[in-house]
Amino acid sequence: MKALYPGSFDPITYGHLDILERAANLFDEVVITVAVNTRKESVFTAEERVQIIQDAIKDKAWGNKVKVDSFTGLLVEHAKKSNVQTLIRGVRQLSDFEYEFRMALMNRRLAPDIDTVFLMPREELTFVSATLVREVAYWGGDLSQFVPPHVETLIKEKFKK
Amino acid sequence: MKALYPGSFDPITYGHLDILERAANLFDEVVITVAVNTRKESVFTAEERVQIIQDAIKDKAWGNKVKVDSFTGLLVEHAKKSNVQTLIRGVRQLSDFEYEFRMALMNRRLAPDIDTVFLMPREELTFVSATLVREVAYWGGDLSQFVPPHVETLIKEKFKK
Amino acid sequence: MKALYPGSFDPITYGHLDILERAANLFDEVVITVAVNTRKESVFTAEERVQIIQDAIKDKAWGNKVKVDSFTGLLVEHAKKSNVQTLIRGVRQLSDFEYEFRMALMNRRLAPDIDTVFLMPREELTFVSATLVREVAYWGGDLSQFVPPHVETLIKEKFKK
Amino acid sequence: MKALYPGSFDPITYGHLDILERAANLFDEVVITVAVNTRKESVFTAEERVQIIQDAIKDKAWGNKVKVDSFTGLLVEHAKKSNVQTLIRGVRQLSDFEYEFRMALMNRRLAPDIDTVFLMPREELTFVSATLVREVAYWGGDLSQFVPPHVETLIKEKFKK
Amino acid sequence: MKALYPGSFDPITYGHLDILERAANLFDEVVITVAVNTRKESVFTAEERVQIIQDAIKDKAWGNKVKVDSFTGLLVEHAKKSNVQTLIRGVRQLSDFEYEFRMALMNRRLAPDIDTVFLMPREELTFVSATLVREVAYWGGDLSQFVPPHVETLIKEKFKK
Amino acid sequence: MKALYPGSFDPITYGHLDILERAANLFDEVVITVAVNTRKESVFTAEERVQIIQDAIKDKAWGNKVKVDSFTGLLVEHAKKSNVQTLIRGVRQLSDFEYEFRMALMNRRLAPDIDTVFLMPREELTFVSATLVREVAYWGGDLSQFVPPHVETLIKEKFKK
């Protein structure tokens, strides 16, 4: 069974990596896919985000079960093209859940064959979000608990410019 | 008894129409009123949104109980000018409810005589929102489950330009 | 238009009376109906609860629009027998809302013609519940902000026995 | 991959069966396991609940991927004995989610190798719960939208006695 | 400044002790007070619960700032008698918060001079509750992550009987 | 004990002042500190916001326990420089709480010695937010229930320009 783990990943955090590992334990193959929204500003380009993820997983025991790609457009269309019937979403908090629930219902309407599986990260990663990571990075705070070292280096460079 | 059903309706969805029909069953007259916020971008102009609603209800059995207008400014001022003491709000989810609750308390402070009535759409319309409709429309997805045919045609034209 | 306002009302509080008044302003007739659950212990009998409500509304300007009765069994069956198509429910908080939402969806399934209207009490009555009233009464605390004087007298007598 | 779907199932509803089918599509084998709590009253005995589930799935296309058993004690102990590392839980609403989240964190502490996967039923089954089914059955209401016919017959017999 | 930390503490957990330590850091004196509800069954008697707390804090650096007592009746009455104007409550989750919020509003009504301060335990104690501890203890599970060793010994003895 | 009460305060409302007074009753000194976010537009400059707060508290009985300053950057860095170990946050609603909870966990990670204390405003201020105040001000509505008179004058001047 193959699953798709979509997200902005701008940038990938330890919270995302925790979900990705759990998904890799459950499925034969997991495609982590960067959603590219041309109408929204991002810190990293789609190519950078894909590269950052590849670097983050290359030494993991489960890394060989994971592929990285990106897409633009409707998620369910990308899932159909990728022959995937399972979407992975991480849920950390109630407010996540409500938004995710609504998205999952919408996706199910657009593509009834595609189902969404919710996974829960380690509790100490509950509060980590890419938004907070960008905020702390902007002010030069310590990111070592939230993202891998290469991500910390790259995001701090972005905000130096 | 007359009631006011305010919203952005950018564009109106089957979820809004479901609430409107329930309101028309409860009250002698319902005015659905497009809130025009000059500081926020919209896909459709106020005039277009009013016209779209009129077209959506013209063949409904309950359509004759409904009037369509628009306003700019504070909702409670518009309600007073319209001699209405009841506001209609649809609630689909908990997060809706919290926001709606806060708005209703604020409106009650600004105009103690005006009360808010909450109605609940059909469960299969729970996840439909104008925001999601605009998103799916932008990417060319199928909208037939979410909005009437003429709305689908019009919003797809908007995104073609 | 006629509406039904069901509840345990064990006993009726200022929060319930606030909702009842709002309902009386909206509808031509409101039947407040005591749900009798023979499997659950109550402080007051069904007859006592009906009498307490009648005493609480008899001097109200809107009292003549309200009838009081009680029922046992399924609420939607009682609504059908009473020729009522509108149920009134007060929502004070998010957790209320979630429970009420689920009940309303269930009732809609059991009787699609019956709709539920949610009203919101005055904000300073938000935390008043019959459960808390019984708790304070049990320990002999002051109830004057939560229930009418005759209710305070009666519930304190109950806990003296 | 094998998964465990635990619950009280007193009785099983269409909501549970929907989750079970989704789980059967995701995993090679799913064990649906009746949690027997000797300190809590139930309408059906553990044996009855197992039998009811077996009857409910015997004609399903996916029925051969499902086993039914029961357990008493701690869920994670039962999972370990069954050589299962994945638990299935259905989430219908926010309040479900909060409780499930807490249980999943606790189970992860007691058994770090065991992970929980959350699935979402069809939206029109969102409000169906065994508690509501027992309530409607008690009062003799129509259960055909909530449980399979043989469950409706059996639970109505229980409440006749 | 003196504060009161009320609860059932049946039994005290590492979650409660975490809150207690934070309170001891904020206030000159903290009274942790066992709420005795004669209408509710408890695993430990009031005297046992007080003793268990005393044993749990006697070697803590902050233990000398804490007193232990118990009360029956209304919390605000006990606070007034104890000359305390600040109540401490731990909040772990949203559902906690909603209940606590309602209680705090009620207490403020009953005694406007008494205010409630909410503290948040360490995130890895978020899911620990006395209810779950009793459940795991009943089934003989490992409690070492949730309660101090002497509490584990005592509660397991209780369930042996 | 000294505490820091951070926020945007654009502008300060009666809700903020209520929390500030409660904090002043609990702590020896409270520093209310305007968070300056150079990437976000504000109605008032940092200097104006500081001045507005000073004017709002200068005649209060508890005003002498309060200092006003502003900061840019990470809150926990400002707290460390100010030798403060306690942060004050007001929580009015569930959605506030979830956001505040996440921020508090993040801050605790960045600075384990700094703790967050949550306080609750008077219930009739529950719905007041600076966002709603700005909205009502923009449309020329009456602000007298939400902000002190000098704030109403100043914000209306801003929107006249």
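Think of it as A, B, C, D, E and F in the order they're written, each chain with its own count starting at 1.
Convention: contacts are C-beta pairs under 8 Å (C-beta built on N, C-alpha and C of every residue); 3 or more make two chains touch, one makes a residue touch a chain.
Because the structure is a prediction, the values reported are computed rather than measured.
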Reference interface A-B: repeating pair among B-D, A-F or A-D with over half of contacts shared: A-F
Distance between the centres, which are taken as Cα means, of chain F and chain C, whole angstrom: 39
Euclidean distance of C-alpha centroids - chain B vs chain C, Å: 31
Centroid distance [mean C-alpha coordinates] between chain E and chain B, Å: 48
Multi-partner residues of chain B (at least 2 other chains): 94-95, 98, 101, 105, 123, 126-127
Chain-chain contacts as defined at top: A-B, A-D, A-E, A-F, B-C, B-D, B-F, C-D, C-E, C-F, D-E, E-F
Residues of chain D that touch chain E when the two form their complex: 39, 73-74, 76-77, 95, 98-99, 101-103, 105-106, 109-110
In the complex with chain D, residue positions of chain E that touch it: 93-95, 126-129, 132, 136, 138-142, 145
Of all residues in chain D, those that touch chain B in their complex: 94, 123-124, 126-127
In the complex, chain C residues that touch chain B: 1, 22, 25-26, 85-86, 91, 94, 97-98, 101, 104-105, 115-120, 123
